[in-house]
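Just below sit the structures, each encoded as structure tokens.
In the two complexes that follow, chain A is the common piece, with chain B as its partner first and chain C second.
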Partner chain A sequence: MGDGKISRRELLRLAGAGGAGLTLGAGGYAAIRGTADAAAVPGSSTVPFFGRNQGGIATTQQEHMHFAALDLITDDAAEVRDLFRAWTEAGARMAQGDPAGDENYSQFLPPEDTGEAFDLHPANLTLTFGIGPSIFEKDGEDSLGLAGTKPEALAPLPPLTGDVLDEARSDGDLCVQACADDPQVAFHAVRNLVRIARGIAVVRWSQLGFGRTASTSKTQSTPRNLMGLKDGTNNIKSEDTDLMGRFVWVPDGEGPSWMAGGTYLVARRIRMLIEVWDRVSLSEQETSIGRHKYSGAPIGKENEFAPVDLSAKDENGEPLIAEDAHVRLARQNEDERILRRGYSFTDGFDAERGQLDAGLFFISFQRDPLRQFVPLQQRLAANDRLNEYIRHTASALFAIPPGPREGGYVGEDLFRGI
Partner chain B sequence: MGHPVPTIAALLCLLILLAGCGRPVVTNERAAESTDETTGETTSPNVESSPELEKAADAYEVYVADQMVLMDKHTKQFTDAVIAGDLERAKELYAPAREPWERIESIAAQLGDYDPEIDAREGDVPDDEWGGFHRIEKSLWVGGTTNGQEKYARKLAEDVDSLRGEIGGLELEPADLVIGSVELLNEVSAGKITGEEERYSHTDLYDIQANVEGSEAAFEELEPEIAEKDPMLVEDVEKGFEGVYKELEQYRQGDGWVSYEELAESDRRALSQKVDALAEPLSQAGQVLEKG
Partner chain C sequence: MGDGKISRRELLRLAGAGGAGLTLGAGGYAAIRGTADAAAVPGSSTVPFFGRNQGGIATTQQEHMHFAALDLITDDAAEVRDLFRAWTEAGARMAQGDPAGDENYSQFLPPEDTGEAFDLHPANLTLTFGIGPSIFEKDGEDSLGLAGTKPEALAPLPPLTGDVLDEARSDGDLCVQACADDPQVAFHAVRNLVRIARGIAVVRWSQLGFGRTASTSKTQSTPRNLMGLKDGTNNIKSEDTDLMGRFVWVPDGEGPSWMAGGTYLVARRIRMLIEVWDRVSLSEQETSIGRHKYSGAPIGKENEFAPVDLSAKDENGEPLIAEDAHVRLARQNEDERILRRGYSFTDGFDAERGQLDAGLFFISFQRDPLRQFVPLQQRLAANDRLNEYIRHTASALFAIPPGPREGGYVGEDLFRGI
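And now, the complex of A and B:
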């Protein structure tokens, strides 16, 4: 029933076996798929899964995210390759709004797909698969035999000022980033991919993100992060294909060939000290970031998209944008630009401190983390006025291979020799 | 046990046979009597039935009966120690007495009201009805005494004895093996891994090992049939069992196991993920029941 339709015979069989719930679910699903008119039904549009680049990077940023990092429990590279094959197959189906696998109607087996997305729209689901530095070397060993193909750009991030990182929520051998405009669609995708990985990889940590903190397209409005600030104004936008080429995509001939058309993902779980921030005056909030809170405009300007002029002075000759303001430090070097694509998160309540455990799950994509993210973050960590209100609590780095070609699979060029 | 299973649910299950209710298709005389002729035969038209599968079910019946004999014997030794007021000996005999039960729990817990009588945890049933293993466990470990436990010990020995009698009349279907093998692992994932089952004695590793052994026993009976349909699956499942046993092995101590309290959160997580890695392929074993 790969085409999403149920034959009459199957229907009868289901009814006979008392599987009415399932019939309804799948029927509803088939009905939606059958009449889907991408323009008319909100959420029914899809993002292509195959192509030069993986989805979830240049894709107009969706509203929700579920991110999972996994650790391998095998040292057989062929098993890892097979996992990527299976993930690609299931990912392509789910991106179309189809179940993760062919439905079975056996009463003796668990359903192939877990089912919670049956009646939901595809919601622009994208899946972005990544490979961590540790698959090339763990505890000094190259157990998969892939070390020869490790990109230099995938060197583990050096220790960064101010980092107090929770190891259990950092790093990982593999990652899956699922983004969608429906949180249940994103959850469903990760759940089924993790299930497919059972016996080969186990979840190391995962993070839910509930609202985008960037815009990645000129067609999008700028969202606000949990500090109440417009975030993403000066982000790279996917329409700027030359900026994307210069700062995001790995070009042919840079590093190992399996990364051409790929990129690198940095994830930072940044806790906001919400209670502290909420007690800070508007003026201090604006000074810290270098922009006005309500309009999002650079200090002294009215329009959100007015250019940031770092040399502008007030009547006393003081810089309008403070020396330690976030945006000043963040844009000091034109060669360090990154594509930001983060999400707000909360993990509930921190019982120890009696405070909200919430913040920004920062994600950035860049062609070379060591030349972009690292110096940028080093500068921010050293001087950013925002540091009083945030703590980096976890960190991870992944290589994101290029998109799969139709009939191929993610990471194909890496695993080809196996 | 997870929670006491009301008999009515089990009976309903028999009625709507294989209709997705997910409980074993146990037919014993007692159940058959109370549901009249509707449940006489349990093979629905969609279920594959072959002499080989029937043989597997018969062999597993023998396994269940053997475990029941063991349980009867070990429980008696345990309850005798309790009645004799021998605290140390009672504590020693507690976990081993439970092992056979844990091996066949998915089947034994379906019979009558024995499960809540024998295996209820504190809070599963009203306190004035609470007896069985865990009531005595609490007294031995928390109270540090056998005092006042004689009546629970007597009742437990009686219940186990009559359960053994009833198991004799049990007729299992191949579906019971399929469902039971996964259910025993689900017991581990849902209740044991957190340490809540043996919350006073911390003897959870005895239960976990026994659950896995029981699951394997059911799988082994089905294995030739599964191998015929899907040899890869057999390989995956065997690898899964090996992984779980290997993970457990590090916690052996003498004839038994270390206290579950000695396992750090990361140790419990590693064990839990090994069980998941096994249960996932094992849950595909149901294909042997598929016609064709």
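And now, the complex of A and C:
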């Protein structure tokens, strides 16, 4: 231990020595993680960190999210590149259930990992790193010298009807989306990545999410959002590889080469006016969404997955699905499909309004936000009957580079020339 | 459906009709809850709602918490009594995995349940209802006419050294602690109870917690808090019925009769100065707590559960456990033991400090806060080496009445004379 480092094997020994109930097995920190209650830790499985695409997009959606947006405090692109290198290394470790860095027992050095996930399963942790429009131009300056590589698709979102955006909770130079089936695993990942960024970037805002509000795999059931409605019935599923290619992944030759295999992330903090919603009738709730509340089926149908027939009429010749129903407006144009992957949130109590501050942290992934998310949301913002019950309170857009190759790092092709 | 009501059986039919993958079984809403992913929903088991003690105290600690404090907006004690009756009825239903009230399909009435937990397991939901000192006297007035029944043990906590309390996040006339192994189940319970309180009480503050920071059963392993430290190794466990009787439950004849079988809840929002903690050496971290970080064993020992020997010396004759170590100060007096049941929290990013707003939402249950929590915390507040890394930012105290009998309601003996 003369160099202040301790091997993983030695840590295992030390941990095992204290270990009522420890189950030691094959190598890696994951091997000492048999202590937590099986019922409380949904899984010891992992999601691959390296590959063509980053995790946390098409991979099966987990139950918990911690999202952080950061602002750079450097104008040296080499430092940003080194940050992505360090994030990639730590992220690959944590996705395996290992600590962010090797431990040490120095009298003088802080631990390389903050420790709160030592006994927890990997819980399918995924980390999704993103790059905001502002790293290419901020206050009219291209301080990193990267403006020449900016994708057209990363143009800042235009103002959208009805937006009441809190700038302090919006945008950001970089982002990290951590998703896991254990919230402490997601928190731990963000905290250690933020720590690694010290001196290069600082947190601008962060958001905790629980209870996924979409499914990204046909193996998952449709969850309910905090309006009590099934959400994301017609979401693109990762098994739909044709749709993923058409609507989510940036193909080779579209935009700068560093984005091939990547995608774009839109985040919208949508506050629900829960107390208002809870006072309106079931009928009004169902009319607003265009689906039955309990079954999730389109109005007039019985099966959640029944096709939405926008032309169906009732016995009086009125449309079964109202002209301003969410499901009608959200489905008008088959060119605007997006992959949703949001979470419910509550940030306590809003003293100003005297109401719970809760809603949906909407996340979507798409090949081109300006051609998919923006026209879709403009139409919803103008006419959606649900608007009476929601407010978009924050917004952010990030380019999500392709997944790192083993031995490489996220964003490698962007920073290659530096 | 002429009266706008729908039977549970009918709801089952309606839900079943839309049900790809529904597994219908024996009666109750719980029967339609087979849709969520088994891996993501830790359990379909329930905790009894009725009995000598309320749940959420000695019952096995769950992984998630939503806590709300409310203030009364009535001075009619009968309305408060009726609220506890309604809360008891809804609470008993939700603890079984049922909605808060019977559903209806009226065109004009809102649903009796907000719906976001329809497809979820009961997830061991417990609800713990409490009564704050202020219902007996507020601004010098005894507006409810209950002052004669106030327990001496419910005296407001005295100012404690180092407190930096946010009044808006402290105290409250009433409280609800909802704990479950699914955060959406806990959120749903609080939201529906708050809704039922409309016109009688409004939320004063609320707090979301994840990752239990204590164990209340010998069947559970010791979790880690956000300092990365095992927390609550020497907590009282529910199996220690002698200790529970001595330190937690109010016995017959101690204070007013309505509290027999009850206890007192102290909540402290303890913010951790995470960025500071993360920069100090492992040695300083271990010295501060008086335990080894990885194993949780007392300094110089190898087993987490090894007795803490406060007199042990190192080779130089210095105490192995520092004079200001947390574990030394927290254990000096065996008359001050408490049952801990706290959670980790993060409330996003604190723009003022530029740091994560995260820490420990400490909850303890004890027979008499003034003889247990207060002297213990005074000693810690004055000398604990951990103080450099934490701030107590909110505080609350509630009397927790005994559990309701079947057919009765929480607080029945307090409100009997009204």
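The rule we apply is simple: the second predicted complex is superposed on the first by the 376 of 418 C-alpha atoms of A that agree within 3 Å, B and C clash if a C-alpha of one lies under 4 Å from a C-alpha of the other, contacts with A are read in each partner's own complex, and residues count from 1 in each chain.
As a convention for this text, a contact is a pair of C-beta atoms (placed from the backbone, for glycine too) under 8 Å apart; a residue touches a chain by one contact, two chains touch by 3 or more.
Keep in mind that what you see is a predicted model, and the values were worked out from it rather than measured.
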Which superposed partner A:115 touches (first chain B, second chain C, both, neither): second
Touching partner for A:126 - first (chain B), second (chain C), both, neither: neither
First (chain B), second (chain C), both or neither touched by A:216: neither
Which of chain B and chain C A:199 touches, first, second, both or neither: first
A:106 touches, of chain B and chain C: first, second, both or neither? both
First, second, both or neither for A:287, with chain B first and chain C second: neither
Contacts of A:349 with chain B and chain C, given as first, second, both or neither: second
Partner chain in contact with A:134 - chain B first, chain C second, else both or neither: neither
Chain B versus chain C as contact partner of A:73, first or second or both or neither: first
Broader residue contact with chain A after superposition on the shared chain, chain B or chain C: C
Touching both chain B and chain C, residues of chain A: 17-19, 21, 106-110, 195, 202
Of chain A, residues touching chain B in the complex: 13, 17-19, 21-22, 73, 106-110, 195, 198-199, 202
Chain C residues within the chain A interface of the complex: 11, 14-15, 17-21, 35-37, 39-40, 42-43, 62-64, 66, 68, 103-111, 113-119, 168, 181-184, 187, 191, 194-195, 202-208, 210-211, 219-221, 223-229, 274-275, 278-283, 285, 292-297, 302-305, 344, 346-349, 351, 354-356, 358
Interfacial residue positions of chain B with respect to chain A in the complex: 16, 18-20, 44, 46-47, 175, 178, 236, 239-240, 273, 276-278, 280-281, 283-284, 286-287, 289-290
